[in-house]
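Consider the two complexes below, in which chain A is the common component and chain B and chain C are the respective partners.
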Partner chain A sequence: MSVENSLQQQFTFVEKITAGVTHDMNNVLAVINEYSGLLEDQIYLAENGAQLNLDKLQSISERLSNQVVRGRNLMKSLNKFAHETDQNVSAFDLNEMLENLILLCNRFALAQQIELKSNSTNSKIVIVHKAFALKQLVFNVLITLFEQINSPSEILVSSIPNGSQTKIVIELHPNSSTLSIDNFSIFDESAEKLSVLIEYHFSDADASIDLLLPNNFNNPQDL
Partner chain B sequence: MSKIKVLLVDDEEELVFTLSERLQFRGFDTDAALNSVDALRLASINDYDVAVIDLKLPLVTGQDLMKMIKHIQPDLKIIFMTGHCSDDQGRKGIGKGYFDCLIKPIKIDILFESIIAAVLSYPEKK
Partner chain C sequence: MENIKVLLVDDEEEFADILSERLKNRGVTVHQARDGFEAIKMVKKEDYEAVILDFAMPGLDGIETLEVLLSKKPNLQVILLTGQATLEKGVQALKLGAMDVLEKPTDISKIMGKIKEAQTERMLIVSKEAQERIEDILKSKGW
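Right after this comes the complex of A and B.
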């Protein structure tokens, strides 16, 4: 892959993530806008002789707070993503990276009626790798998977430590779509560059994609 | 005089139900759908004056849903909601067949006026 192509793919990755998060943020603002309008309607009613419905006001207030939390989490994820574009090898928590990626990918999953969840434990799994490039690879695999799904499904993303080697497992339940490994072959080159081995397990009922990360704790310079 | 009947379609649940409540407060009769399947089911059993549809829906686009709904109710006026159709270039990308396109977050007064204008544009309802 040429440097130009590689850069183009990175731009596309950043563009998609940014578009998804800004779309979600716009929806957060739209919901807040409606709750604000609902409060104005309640005030109008009270000004015209109706009794203020305190339970309703309390409910609107809580729902407004929830939207603020949702917006704050989105912005935190985007901010974190913006600071992770470093191309160098570093030590990072794989679980935290996957949690962040899931939040950023959620818009694309929902568009295909997919519930995207993390299935990782709360414990840290610190690995030494190129965080941004690895995140880009997982994102591309997820998006390609989303595009092949045409019915409501659930996707679980987990990280599994396996001795000195760690793997990222993407599980699809149920597998009512016709998945083709050929659609994922475009990632072989970028996976190879990162010393990641991708294994596909597609059956009629379920499907999983395993990304086996390199045992590189002692040799990060090989990446 | 019967109320103006509006179908609202958006996968953002809190948005669509709050918008529905605010339009009811302003005298409209509303139904809300979170996806295209529910929207088509509602359109097949109810006569609507206007459908307000988000352009980005799960699995299908707002334009696709408009075409499917118009198979059931050919004259139904469609108002799109989106975050990205405020300029002429954005509107051209949506294609034809819709009455109006409003940018989110939507001002309720503007949506109200657009719905009224859509209803008034029916020859028999002038």
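Right after this comes the complex of A and C.
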């Protein structure tokens, strides 16, 4: 892969993530805007003789707080994502990275009527790797998978520690689409550069894609 | 505002619920659809003064839904809501026959203004259609 192509892929990755999060953030602001308007309506009604409904005000206040939490989580994810480019190779918690990626990818999954979930345990799986490049690879595999799915489905993403290797498993239920491994072959080169082996298990009922990655790189320069 | 019925199509349930409540406070009857497929079914069954349609939805997006809705009911008044900062999709929607495109979040007064415009436009269309029918009947009677 040429440097130009690699940079182009990185730009596309950043562009998609940013577009998805800003769209979700805009939805948060739209909801807050409507709650604010609803409060104005309540004040207007009260000024015109109606009794203030305190339960309703309490409910609006709680739901506004929920939207602030939703917005804060989105911004935290985007900020974390932005800082992943700071370090080339670093130690990080794979489960946290996958959770973060799922939040960032959710808009694309929903657009295809896919429920994207994390199936990872709460425990930390610390690996040494290129967080940004690895996230880009998992993102590209997920987006390629989304594009081939044409009916409501569920995708579970989990991480499984296994000796000196860790597996990221992407499972699709049910598999009512015709998945083709050929569509994923464009990622072979970038996977190889990251010492990641991708295995595809497609059957008529279910499908899974396993990404096998080393837990630790003794020689980060190899990356 | 009397006898105004609009269809609000948005997958963001909380947003749709609050906007519905605020429109109802202003005398508008609001039906809701969560996606384009549901909207198409509802428009086939009911007559709406306006359809308020979100751009980004699962399944059929706003543009695809707009195309199907206008192919079924060419005079339908569709107001699109967009969260996108670029104009490209908005221009596409207007070319396809959308009544207008509003940026989301938007002010309730802008939406109400567009609903009133849609109602007026629809009344003109209904009146014109009635006039044409009367003229056809008169012609058929040799008048």
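Here are some notes:
Throughout what follows, the second predicted complex is superposed on the first by the 214 of 223 C-alpha atoms of A that agree within 3 Å, B and C clash if a C-alpha of one lies under 4 Å from a C-alpha of the other, contacts with A are read in each partner's own complex, and residues count from 1 in each chain.
In the analysis below, contacts are C-beta pairs under 8 Å (C-beta built on N, C-alpha and C of every residue); 3 or more make two chains touch, one makes a residue touch a chain.
Since the structure is predicted, the reported quantities are computational estimates derived from the model, not experimental observations.
Partners chain B and chain C clash in the overlay (superposition on chain A). Of the two partner chains placed by superposition, only chain B is touched by A:N150; chain C is not. Of the two partner chains, neither chain B nor chain C is touched by A:F202. In the superposition on chain A, contact of A:F139 is made with neither chain B nor chain C. Of the two partner chains placed by superposition, chain B and chain C are both touched by A:E34.
Legend: residue contacts after superposition of the two complexes on their common chain; A:Q112 is shown touching both chain B and chain C. In the superposition on chain A, the residues of chain A touched by chain B in one structure and by chain C in the other are 23, 26-27, 29-35, 37-38, 41, 63, 67, 110-113. Looking at the complex, you find that chain A touches chain B at residues 22-23, 26-27, 29-35, 37-38, 41, 63, 67, 110-113, 150.
By the touch criterion stated above, chain B contacts chain A in their complex at residues 11-12, 14-15, 18-19, 21-22, 25, 35, 56, 58-59, 83, 104-106, 108. Residues 23, 26-27, 29-35, 37-38, 41, 45, 63, 67, 107, 110-113 of chain A are the ones that touch chain C when the two sit in their complex.
Those residues of chain C that touch chain A in the shared complex are 11-12, 14-15, 18-19, 21-22, 25, 56-59, 61, 83-84, 104-106, 108.
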